[in-house]
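Once you scroll down, you'll see the structures, which are given as C-alpha cells.
After this come two complexes, each holding chain A, first together with chain B and then together with chain C.
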Partner chain A sequence: MATRSTATLRPPPGDDEGEGSAMPGERPRPFLRRPRFATVALALPVAFMVLVYAYPVGAMLLKSVTEPEFGFGNFGRAVSDATTWHALGVTVRMSAEVAVLTVLLGFPVAYVLARVTARVARILSVLVVIPFWTSVLVRSFAWIVLLGDNGVVPRLLSPFTGDTAGLLYSEAAVVIALTHILLPFPILIIKGTLDQIDDSLVRAARTLGAGPVRAFLRVYLPLAFPAIVSSGMLVFVIGLGFYVTPALVGGPKESTIAVVIAQSVQVTFDWGLAAALATMLLVVAVALTLVVRRLTKVKGLVSL
Partner chain B sequence: MTDQVVFAGICKRFGTFSAVRDLNLGIKEGEFLTLLGPSGSGKTTSLRMLAGLEAATSGDILLAGRRVTDEVPEKRNIGLVFQNYALFPHMTVAQNVAFPLQMRRRKRPDIAREVDRVLEMTQLGPYKDRYPRQLSGGQQQRVALARAFVFDPSVLLMDEPLGALDRNLRDLMRLELKSLQERIGATVMYVTHDQDEALALSDRIGVMHQGVLQQTAPPGEIYERPVNSFVARFLGQSVCLPAKRLERGKRTVLSVEGLDGRILVDAENDTCPDATGDFMIRPERFALAAERPDTADANAIRCKVETAVYLGAQVEVHLRAGAGARVQIAVPAANAGDLAAGSGHWLTFRPSDGLYLKGV
Partner chain C sequence: MTATARDRVIERKIRTRPDRLPIGPLERVLRWTLRVVVALVFAFLVIPILIVVIESFNSVDYLTFPLEGWSLVHYERFFGDPAWIDATLKSAKIAVLAAVIATVVGTFGAWGMARTPGRGAGFAFALMYSPIVVPIIVLAMGFYFVFADLRLVGDWVAIAVAYSVMGVPYVLTSVSSALQQLDPELENAARTLGARMRQTLARITLPQLTSAISAGALFAFVIAFDEAVIILFVAGSDSVTLARRLWDSVRYDLTPTLAVAGTVLIVVCVGLFLITELIKALRERRRS
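Then we have the complex of A and B:
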C-alpha cells in the first residue's frame, strides 16, 4: 500500500521540463490578507512623505508659474539669462565628476569591506560612517582650513607647485570636498551588493579557465555593476542640489544652480525665479537619471 | 598505464585541525570514482585540493602524470560542478556554457557549435537564452554539468551535484548522469553522502571518515567485504556487535556480545588484526527457522520475536537474542509462517556470511 501511494505521487517522467512547473503565477495567491496589512503599514510613511515632500515640491512648482503673476514669465527670465545656463552646466559637470570620483574611490573600499572577516568589516564600516556624525557645515569648514592659503594640502603640494597658495574658491575645491562628503554612500551601497555575490562564482570562473583578472572582469564586476551605477546616480542627484559646500568653498565664477537659487531668495527676494530654477533642476535630475537608466539598464538601488 | 589522477600522501590541516590525512588514491582514465562519507569527513576538501581551490599542506597531486600541486586552478583543465551549481546569474544558459571556451580563446564559430552540441546532449536546447534564475533545479544542474564538461576537461569533479534536488528528480538525474558519463567517457570524481547514489553510479567507491580514506573498492566489494565496521555500518544495513576472538584456524571462533554461544566465521572473513573487534553480518544473510538446524557448522542463535510488521511483500521482523542483541530482518511474506510476538525461533547463518572486522 505504501509503495502504491508513492507511485501515484511521482510526477510523470519529463515533467520537470514543462513550462508550467518552472514558472509560478498560476498558483493561487496564498496570502489574500497581505495587501491589506501592507496598506495599513504604508499609510503612515506615505502620509509623512506627502506632508514633507510632495507638498513643498508642489508648492514650489506652483510658485514658479504664479509668482509674482500667473504665467511662464519666470521661466522666460531664467532661460534667457546666461547665468542660468552657466550655473546649470557647472552643476551638472561637478556632480558628474563627484559621482565618478566617489565610485572610483568607493569601490576598492567596498571591495575590502566585503572581503575581510565580519569583525574587521564592522570596525571599518564604523570608520566609514563616522563622518556622517559630523555636520556637512563642519566638514566643509574643515576643507576651508585644509585647502586655504598655507593650508595642509597646498603645503604638501608646494614641492610640485612652487608656492603655498590655496586651492579654495575653485571648482577643484568643491569637487574635493563633495567627494569626501558623499563618499560613504557608494561605499555602503556597493558593499551591500558585494556581500551578496556568491564567492563560489569567482572560484567557478577560475576552474573554468579564467585567471584572477578575467574572473574579476567577467564575473565579479558585472555583478557589482548595478550597485556601481545606482550609487553613482545617487551621488550625482545629491550633488545637483548640494548647497552648503559649493557656497562655502566654491568661487563666484563657478556658482552652482543651488547657489544661484539661494541668492534669488536671500539677496534679490525673487521667489518666482528661484522656483523656476528649482523646477529646471528637478527636470534635469529626472531626465539625466532616466538617460543613465536607459543606457545601463540598471533599474535603481535594488539590484541583483 | 598510469592513473589519470593521483593523490600521493595528501594532508590538509586548517590550523591544528586535520581535515584530510595521508590521502593516497589513484583514479584511472574513464573511471567513475565516488568519495562517500559522513558530513565533515573531508570529501569536499579533497575535491577542492584537486581543483586547485585549496592548497594541500603536504603531499602531491598528479594529473595525467603531471605534478599540479602548486598550479593555479585555471591551468589544471578540470571541470568542477559545485554543490550550489555556481551558475553565473548575469549570463544566459548559452553564455554560461560558452564561458570556459571563451577563456580558452576558441574561435567564435567553434564555440557556437560546441555549445549547441553540449546543450543538445543535456537536453537544454530550448533553454539556451534563459537566465539561470528562470530554470528549475534540475535544469540548473544540467547547465552546471554542461559548463563543466564542454571544454573536455581531463577530469570531471562533482560535489554532491544532486544534493539540492528532490528525491524523484534525483533518481532521474542519476540515470542521466551515468549515461552521459559513459557517452563522453569522462574520468569522474564524485562526492556524495548518499550511499544509494554511490552504489548506483560508481566503478569504485572510496569511503572517508574523519579525514581518513578507509577503503577504496568496487561497490560489491565495499558492501560484501568492508575493511572495518565503520565502512560496514555506513553502507547498507548491518548487524555490528563487539566481539572477542577465541580461536583461529580454518574457522575463527568468536564470542559475540549479545549472542549466546560460539560464533564461527570463515578464516578469510577474519580481517581483524586484534583479539577484539566487531562481528558483522548483513541482515539479509540470516535465515529464520522454527527448529534448530542439525548441520554442525552452521551458526544458530535462539531468539524471540518482539514484533512483526507486515509490509505487503515482506514482513519486517524484530528479534531479540537470548543474550540481549536486537536484530531486524525482512522475511518474504509468502513463507513467513507463524511470527507471533513472543514466539521462539532460530536465527541461522553460515560461517561464510559473518565477518570479523576491525572495530572503529
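Then we have the complex of A and C:
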C-alpha cells in the first residue's frame, strides 16, 4: 500500500473524479479523460428511454400537426367537433365524480390505517394493495358480472327498482368500476400524510376543551387537506386517460376521450385527429400531475 | 354520579392511561360508524376480486352469481385449449423480457442519478419517471405509429421493449428510495481502498439493493403481464397475450372460462405481490 499512499484519496484514473479533483495540490486534469462511470451508467438508460419512449411519444405529438398535412387543422377539427365536446364533458364529469367518491371512501380507511397499530395496519394495507396489483381488465370484468342483468347488485337493489335489469353500459357502471379501481391511490397517499400528523395536537385541542368533532375538523382535517386534494387530483388525471374500463363497462353514449381516440385510430383511421386529441390529453395530464407533485408524493405502492 | 365523582373518575383514567382521553357517548357512536364504514369499503375493495375467483368454478356456460353448481369444467376447458395456454405463455415470455429490461434500465438509472450532480440527474429523472404520468392510451398510440412505420406490429420482442418503458418508473423509484437509505461512506470506503467504480457497484452497492431491485422487477413483470391497452394496438395474430384474449372474450363471448383466465392473472399477480411482502418482512427481521 505504500506506493499508493499519496494517491489514496484520488480515485483511479478514468473513474469518478468527484471529491478527488477538489484536493489542493492535485495534478491538473488530463485534457481528454474518459467519461465518469456514473455518467455512463446514467447515459445508457437515458439513451434507451429516448429511443424507446420519447421517440414514439414525440412521433405521436408530431403527427398531430403533420397528418395529413402540416398545420393545426387537426386541433381545429377536434375543437369544432360536437362529438369531441360531448366526450370531453363525459370524461371530465366522470373523472370528477370518481375523484370525489374515491376520496370520500378512501379517507376513513386511511384514517383508520393511520391510527391502528403498525401490525394491523400492515395486514390491512395488503388488502388495499392487492386490488392495485390485480389487472384492470379483471377488475372491469368483475363489475360486468356484478352489475350485469340478474347480477348481484341489480338483485340487491330490486326491492327498490322493481326489476333486476343490469346497470351495465351506463355512466353509473363506469363510475362504480373506476371508483373501485382507483380507490387504492387516495387511501395510500392520504395514509402517508396522516402517519406524519402529530397525535398530541388533537389531544391538546381536546384538553383545551374542544369536542371530538371540533378537534377533528379544526385541527386534524386541515393538516390532512393537501393530501386529500392532491390524491383527488391524481385520481382525476388517471380517470381522464382511462381506456379499458369505459370501453368495456360503458355504453356508446358514454364514450370518453380515450375511447374516441382509440376509435379514431382503429375504426375511422383518422390518425391526425387521434393524435391531436391525445396531445391535448397529454398536456392536461402532465400539467395536473405537476401540480399534484408539488403537494405530495405517491408512496407505498411499490416499495421495500 | 355527582360532578365531583365523575371528575375523579376522569382524573383517574387520565392518570392510568395518559395517552387516552375518556371516551364520551358521541365519540363512541362516531367510532362505531367509522368502523362500519371502513369495513364496507374493504368489502367493496375485495369482493369484486373474490367474485371473479368464485365465478371460475361455475358449472354452467353462462355467468351467474351465486353459482348454480361448483365444478372444474372451465378449468379443464382453459387448460385444454391451446389458444389460452399459448396466450398465457406468450404473456409470461413478454413480461419476463420486459421486466429484465426495465430492471436493468431502472437500476442503472437510479444509481447514475444518485451519483450525478446537477441538472443531468433532474432531466434523467423526468425522462425515466414520466411514463407513470403519460396516459397509457397516448403511449399506445405512439407505439402503434412507430411499430407501423417499422413493421414491428405483432413482434413479441418489440412489445416487450415497449412494456419495459412502463416498468422503468417503478424500478427507478424503488431503487432510488433504497439508495437514499444506503450509507454513502461504504462506497467511499471501497473506493479509497482502491476498488474501481464498477467493482464498487458490483460488490458493494448492488448487493445491498437486491430487495429493492427485486420489488421493482416483480412489479415491472406484473405490469407487462396484464397490460391491456398497448396490446390492443400493437398485437398481430402472432402475439395474442392473455390480456388480449381476455379483452376479446369480454367483448364478444362473456363465458366463465374468462373467469378462469382472470383467476390465473389474479393468482400470478397477487402471488408475486405477496412475495414482495415476504421479502420486505424477511429483510426487516434481518435488520432488527
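The rule we apply is simple: the second predicted complex is superposed on the first by the 224 of 304 C-alpha atoms of A that agree within 3 Å, B and C clash if a C-alpha of one lies under 4 Å from a C-alpha of the other, contacts with A are read in each partner's own complex, and residues count from 1 in each chain.
Rule of thumb we're sticking to: a residue touches a chain if its C-beta (ideal position, glycine included) is under 8 Å from a C-beta of that chain, and two chains touch if they have at least 3 such contacts.
This structure is a prediction, so every number in the text was calculated from the model and none was measured.
K.L.:
By the touch definition at the top of the document, which applies to A:Val219: first (chain B), second (chain C), both, or neither?
P.N.:
The answer is first: A:Val219 touches chain B but not chain C.
K.L.:
Is A:Thr268 in contact with chain B, with chain C, with both, or with neither (first, second, both, neither)?
P.N.:
So A:Thr268 meets neither chain B nor chain C here.
K.L.:
Touching A:Leu201 in the superposition: chain B (first), chain C (second), both, neither?
P.N.:
first
K.L.:
Once chain A of both complexes is superposed, is A:Pro56 in touch with chain B (first), chain C (second), both, or neither?
P.N.:
In the superposed model, A:Pro56 contacts chain C only, not chain B.
K.L.:
Looking at A:Gly241, would you say it contacts chain B, chain C, both, or neither? Reply first, second, both or neither.
P.N.:
In the superposed model, A:Gly241 contacts chain C only, not chain B.
K.L.:
Given the touch rule stated above, what does A:Thr83 touch, chain B (first), chain C (second), both, or neither?
P.N.:
In the superposed model, A:Thr83 contacts neither chain B nor chain C.
K.L.:
For A:Ser158 in the superposed arrangement: first (chain B), second (chain C), both or neither?
P.N.:
Touch partners of A:Ser158: none, neither chain B nor chain C.
K.L.:
Mind telling me which of the two, chain B or chain C, contacts the most residues of chain A?
P.N.:
Looking at chain B versus chain C, the one contacting more residues of chain A is C.
K.L.:
Quick one: is A:Ala210 in contact with chain B, with chain C, with both, or with neither? Answer first, second, both or neither.
P.N.:
First partner only.
K.L.:
Let me check the overlay on chain A: which residues of chain A are in contact with chain B and also with chain C?
P.N.:
11, 16, 203, 206-207, 211, 304
K.L.:
Any idea which chain B residues touch chain A in the complex?
P.N.:
Interface residues on the chain B side: 51-53, 72-74, 76-80, 82, 84, 86, 88-90, 99-100, 103-104, 123, 134-136, 138-139, 147-148, 151, 168-169, 172, 311-312.
K.L.:
Considering only the defined contacts, which chain C positions touch chain A in the complex?
P.N.:
19, 21, 24, 26-27, 30, 34-35, 37-38, 41-42, 44-46, 48-49, 51-52, 55, 63-65, 101, 104-106, 108-109, 111-113, 115-116, 120-121, 123-124, 127-128, 130-131, 133-146, 149, 161-162, 164-165, 168, 170, 173-174, 177-178, 191-192, 194, 196-198, 201, 211-212, 214-216, 219, 222, 226, 228-229, 232-233, 243, 246-247, 250-251, 254, 258-259, 262, 265-266, 269-270, 272-274, 276-277, 279-280, 283
K.L.:
For the complex, which residues does chain A have touching chain C?
P.N.:
Against chain C, the touching part of chain A is residues 4, 8-9, 11-12, 15-16, 36-46, 48-50, 52-60, 63, 105-106, 108-109, 111-112, 124, 126-131, 133-146, 148, 150-152, 180, 183-184, 203, 206-207, 211-213, 237, 240-244, 248, 258, 261-262, 265-266, 271, 274-275, 278, 281-282, 285-286, 289, 301-304.
K.L.:
Contact residues on chain A for chain B in the complex?
P.N.:
1-3, 10-11, 13, 16-17, 21-22, 198, 200-201, 203-211, 214, 218-219, 222-223, 304
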